[in-house]
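You will see subunit A twice below: alongside subunit B first, and alongside subunit C after that.
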Partner chain A sequence: MKRKVKWDNLYLIIMFVILYTPIFYLIYYSFNSGGTMHHFQGFTLEWYKEVFQDTRLLIIVLNTFVIALLASAISTILGVMGALAIYYVKKRRMKNLLLTLNNVLIVSPDVIIGASFLILFTIIGIQLGFTSVLLSHIAFSVPIVVLMVLPKLQEMSPTLIDAARDLGANQWNVLTKVILPFITPGIFAGFFMALTYSLDDFAVTFFVTGNGFSTLSVEIYSRARQGISLSINALSTLLFLFTVLLVVGYYFISQRSSRLYGMGGRK
Partner chain B sequence: MSKDVIIRFEHVTKQYDGLVVLDDVSFEIERGKFYTLLGPSGCGKTTILRLIAGFIEPTKGTIYFNGKNINHVPANKRQVNTVFQDYALFPHLNVFENVAFGLRVKKMKYADIQEKVAEALRFVNLEGYEHREIREMSGGQRQRVAIARAIVNEPEVLLLDEPLSALDLKLRTEMQYELRELQRRLGITFIFVTHDQEEALAMSDQIFVLHKGKIQQSGTPKDIYDEPVNRFVADFIGESNILPGTMIADFLVEFAGKRFECVDQGFYPNEPVEVVIRPEDLEITTRDQGKLQVRVDSQLFRGVHYELCCYDQHGNEWLVHSTKKAEVGEEIGLYFEPEAIHVMRVSEAQEVSDGEGSDET
Partner chain C sequence: MKHNTRNVYLIPYVLWIVLFVVAPILLILYYSFFDIEGQWTIANYKKFFTPIYLKMTFSSFWYAFLITVFSLLIAYPTAYLLTKTKHKQLWLLLIILPTWVNLLLKVYAFLGIFGTYGLANAVLEALGVGTKQILFTDFSFVFVSVYIFIPFMVLPIFNALEELNPSLVDAARDLGASAWTTFRRVVFPLTIDGVKAGCQAVFIPALSLFMITRLIAGNRVITLGTAIEEHFLVTQDWGMGATIAVFLIIAMAIVVIITGNRK
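So, the complex of A and B:
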């Protein structure tokens, strides 16, 4: 028994080492004054300076965040509405069908989504650029939000809605005073998931971007192809740190809400 | 008519996908009384409450509230409030906000809300708990919050769906007294659902016994206990000995191979009937003094009394509650008064409520 637990731990450690080594390798060399990724000569922040002096890059960073925030905000709204719609569907069959359609969108490869959006945009004549990227990011984020919100809705006892109506609440009151407060943790989770998905999306964006509009992941990709510059490492490091911050932030929010609804802890 | 009827069900039927859950139910609820819907699980008790509260509509029939047809009036427009089986308190709101919910929805002024909530909490003995979170309250306290949340809206009828079933025995008995007392103080109609017959007998002015979507019998607890109208009610309300018999003539019934004097009349001569005798109405005497002779098969000590299981020579089982002890295997006599015998028609179900039922249409 004891042995088995040890093996489990060892396995986990190896897995994490394998997964994180490339990232730390990359971070490590972002401080290398030598300019290459195989011989560490000395510590420098030169590459970071280069990143912050590159206005084109900064604009792209800005674009990326604008897209991510807009896409996740809009998809959160759409996703919550979608989840509510699925929740209110009475027929079991219809419900399952809608859920399956939703899940298929999540598991289907980004390449296919990207390619199909490219075809769609070309057919209906939307210019590739900000709008096309935003639309496609919204599209692939909505199912994620639905998936995060729906369990919260199902967790909610339907008698809560009856209780609210019993106390005189109309449909709008029921939604704003009971349902939305109850599923708030799910909404936050969905928003953060959408944000991270949108921030680091490469494949879909790569297909539908154009006219000089670019996001960070696409930009990093094209720079990495042109040749090695450690400023890419610096940029990736910054991005990685930001993601960690997001995850930590999400952790604290979900902690707080679970304390709010779960047992123990006082105000 | 002098009766002050507040709710009337007229031939109400409720089906779910063709499955009949309530079958042509008619009854009247009078203002200011404590009613209990009693019946086994799945018999349709909650369905009746949900029909009154307005969460569902009847498939057939009409529900009247203060003389008006309310079939299509939505739940939020009805002068009725519910205490749910699982309390259904809002987990994201504290005690004050839970109780204030109905008043806030009505857009009442904050000062008034504060006053009313304080009063409602005082009513259920929860003063000073305003700022507690729901999860910080015990089961009994939550139940009181649920009651406060309902009564603060000053409903004409309060519906309670098995509110005590989640509590332990001691708290439960305590809450039974409190609920009854609360109903007297408020003077409004309570419709209380339970599947616990003792609870129903202890608390109610009127009991409706339900089975398979039909009202089997309605009446005061004493009526229902003493004069069960059919086998189901006799069996469900307390323990009883139910035997097949024959009504020889008025005031004379035959069962267990003998003829006995009784107080029932109005049956056809030689009509087959079912006879009910409560275990506590049977007295143990000597073999010769008894009206019936039985052999004691087993004996259990039940605290207040002994519970004896006996058999007569025809193989009928007799359950006896007695403070006297007997020996297992001993032949004893059973004595009972003519009033202890209750004669029922075979599978009789009461259609209208206990003689005084609705005669206007």
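So, the complex of A and C:
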């Protein structure tokens, strides 16, 4: 019995090693003065200096965060409205139709979303750049927020609303004093998910970004296509630290709502 | 007691659905009937059924299938063993954490690991196999894709295993079933929903990823996604790109229908 347990642990350990090797490989070589991702020559912070002196890159980082924060804030508002809309729809068929349409963008491959949005923006006449990227990030984050908020709404006892109404609360009071406080954990979870989706997105942005505007993922892609440059490694170390912070934040929020929501879904 | 104000929430939401869900799909369909000069034609569909495109579609499906199978084979035991650990939520979080690292960065890391002097070749060298060309091969493409997708496969299977009532396993064992029989007849059938969800989460993106093929497979592997990207952004033949997209949407719908009959 004891031996079996050991083998089990070995399997898991190997899994974790493989999962984390690429990440730590990147971080390790970000300190390499040799300038390559093999043969560690000596310790240096040169690449970090390069990242912080690269104004273009810093602007792109700023763009990425502005887009992510705006997109997740707006899509959270839209998503909460969407969840409420689905919640209030009484007809079962209508509800299912809305849910199906909601899930289309979640299941769709990024390439399809990107290509179809490119056509859409071209036809409407929205210039490719900040606006088109922001709009598409909002668009693909809305269904995620809906899926995070809806279970919370369904958990809520309808008697709460009835009680509030009986006590004379109007529609607005019911929303702000009863419903929103109850679904707050779901809203936060949705916001965080939207944020990570937006920060992480490459394919959709790649399609709708045009020439002048770039986000981090797109920039990393075009740099990686030119080969290895250790400033990308330095950047990835910084991003990894940031991600860990985000995850810890998310973890505490979801701990508070006493339930880990389904995560993942990068397509 | 009907409150008309309640339906107010439907307005922005339905607007979003129409503008960003329905319209884009219709536009894709619409564009697939135009050639590069803007003439109305069904030539794109004819072209799709020529051997070149069919072969590409077939190989794209084949790679997606391989990636899904390998992900499943690796992820199922992982999920199973995870449910047996102490602090399993923490371990699960550690499995999920890499998915929060930018996809491009992980792919980029493999440029270094699989490079001529990279880690993989150093290991091969130490084992006495000698240096091999790993980057820009089919193997590297499948490996990196499986690496990327494993967490998405582990998560739904883990959830399904968590829902499984352990007394069912005990009952099977008490009734004399071997460990393998218990797995085959009890555990696996009861977690099939998680497996289906995982396969869906892996197969569809595997059909359409294009950055991995570009960076790791060096254009050796062409998936449906690569072809769409090529037509839209390189050759500017939106009609043909849209046509391939139509078939990708159909494939996606079929996969969702097959794997989607969950409660």
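Please note the rule applied: the second predicted complex is superposed on the first by the 241 of 267 C-alpha atoms of A that agree within 3 Å, B and C clash if a C-alpha of one lies under 4 Å from a C-alpha of the other, contacts with A are read in each partner's own complex, and residues count from 1 in each chain.
The rule we apply is simple: a residue touches a chain if its C-beta (ideal position, glycine included) is under 8 Å from a C-beta of that chain, and two chains touch if they have at least 3 such contacts.
Note that the coordinates shown come from a computational prediction; the quantities given were computed from them, not determined experimentally.
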| item | value |
| --- | --- |
| Which superposed partner A:S157 touches (first subunit B, second subunit C, both, neither) | first |
| Which superposed partner A:D166 touches (first subunit B, second subunit C, both, neither) | first |
| Which of subunit B and subunit C A:G42 touches, first, second, both or neither | neither |
| Partner chain in contact with A:P181 - subunit B first, subunit C second, else both or neither | first |
| Touched partner set for A:I232, first subunit B, second subunit C, both or neither | second |
| Superposition-derived comparison: subunit B or subunit C, residues of subunit A touched | C |
| Overlap of the subunit B and subunit C footprints on subunit A, listed as residue numbers | 260, 262-263, 266-267 |
| Interface residues, subunit C side, partner subunit A - complex | 3, 5-7, 9-10, 12-14, 16-17, 19-25, 27-28, 31, 74, 77-78, 81-82, 84-85, 89, 91-113, 115, 117-119, 122, 147, 150-152, 155, 159, 200-201, 204-205, 207-208, 210-211, 214-215, 224-225, 228-229, 232-233, 238, 241-242, 245, 248-249, 252, 256 |
| Interface residues, subunit B side, partner subunit A - complex | 50, 53-55, 74-77, 80-82, 84-86, 88-93, 101-102, 104-106, 133, 135-136, 149-150, 153 |
| Complex interface listing, subunit A residues touching subunit C | 8, 11-12, 15-16, 18-23, 25-26, 29, 36-39, 78, 81-82, 84-86, 88-89, 98, 101-102, 104-105, 107-120, 123, 139-140, 142, 171, 196, 199-200, 202-203, 206-207, 216-217, 220-221, 224-225, 227-228, 232, 236, 239-240, 243-244, 246-247, 251, 260, 262-267 |
| Touching residues (chain side subunit A, partner subunit B) in the complex | 157, 159-160, 162-170, 173, 177-178, 181-182, 184, 260-263, 266-267 |
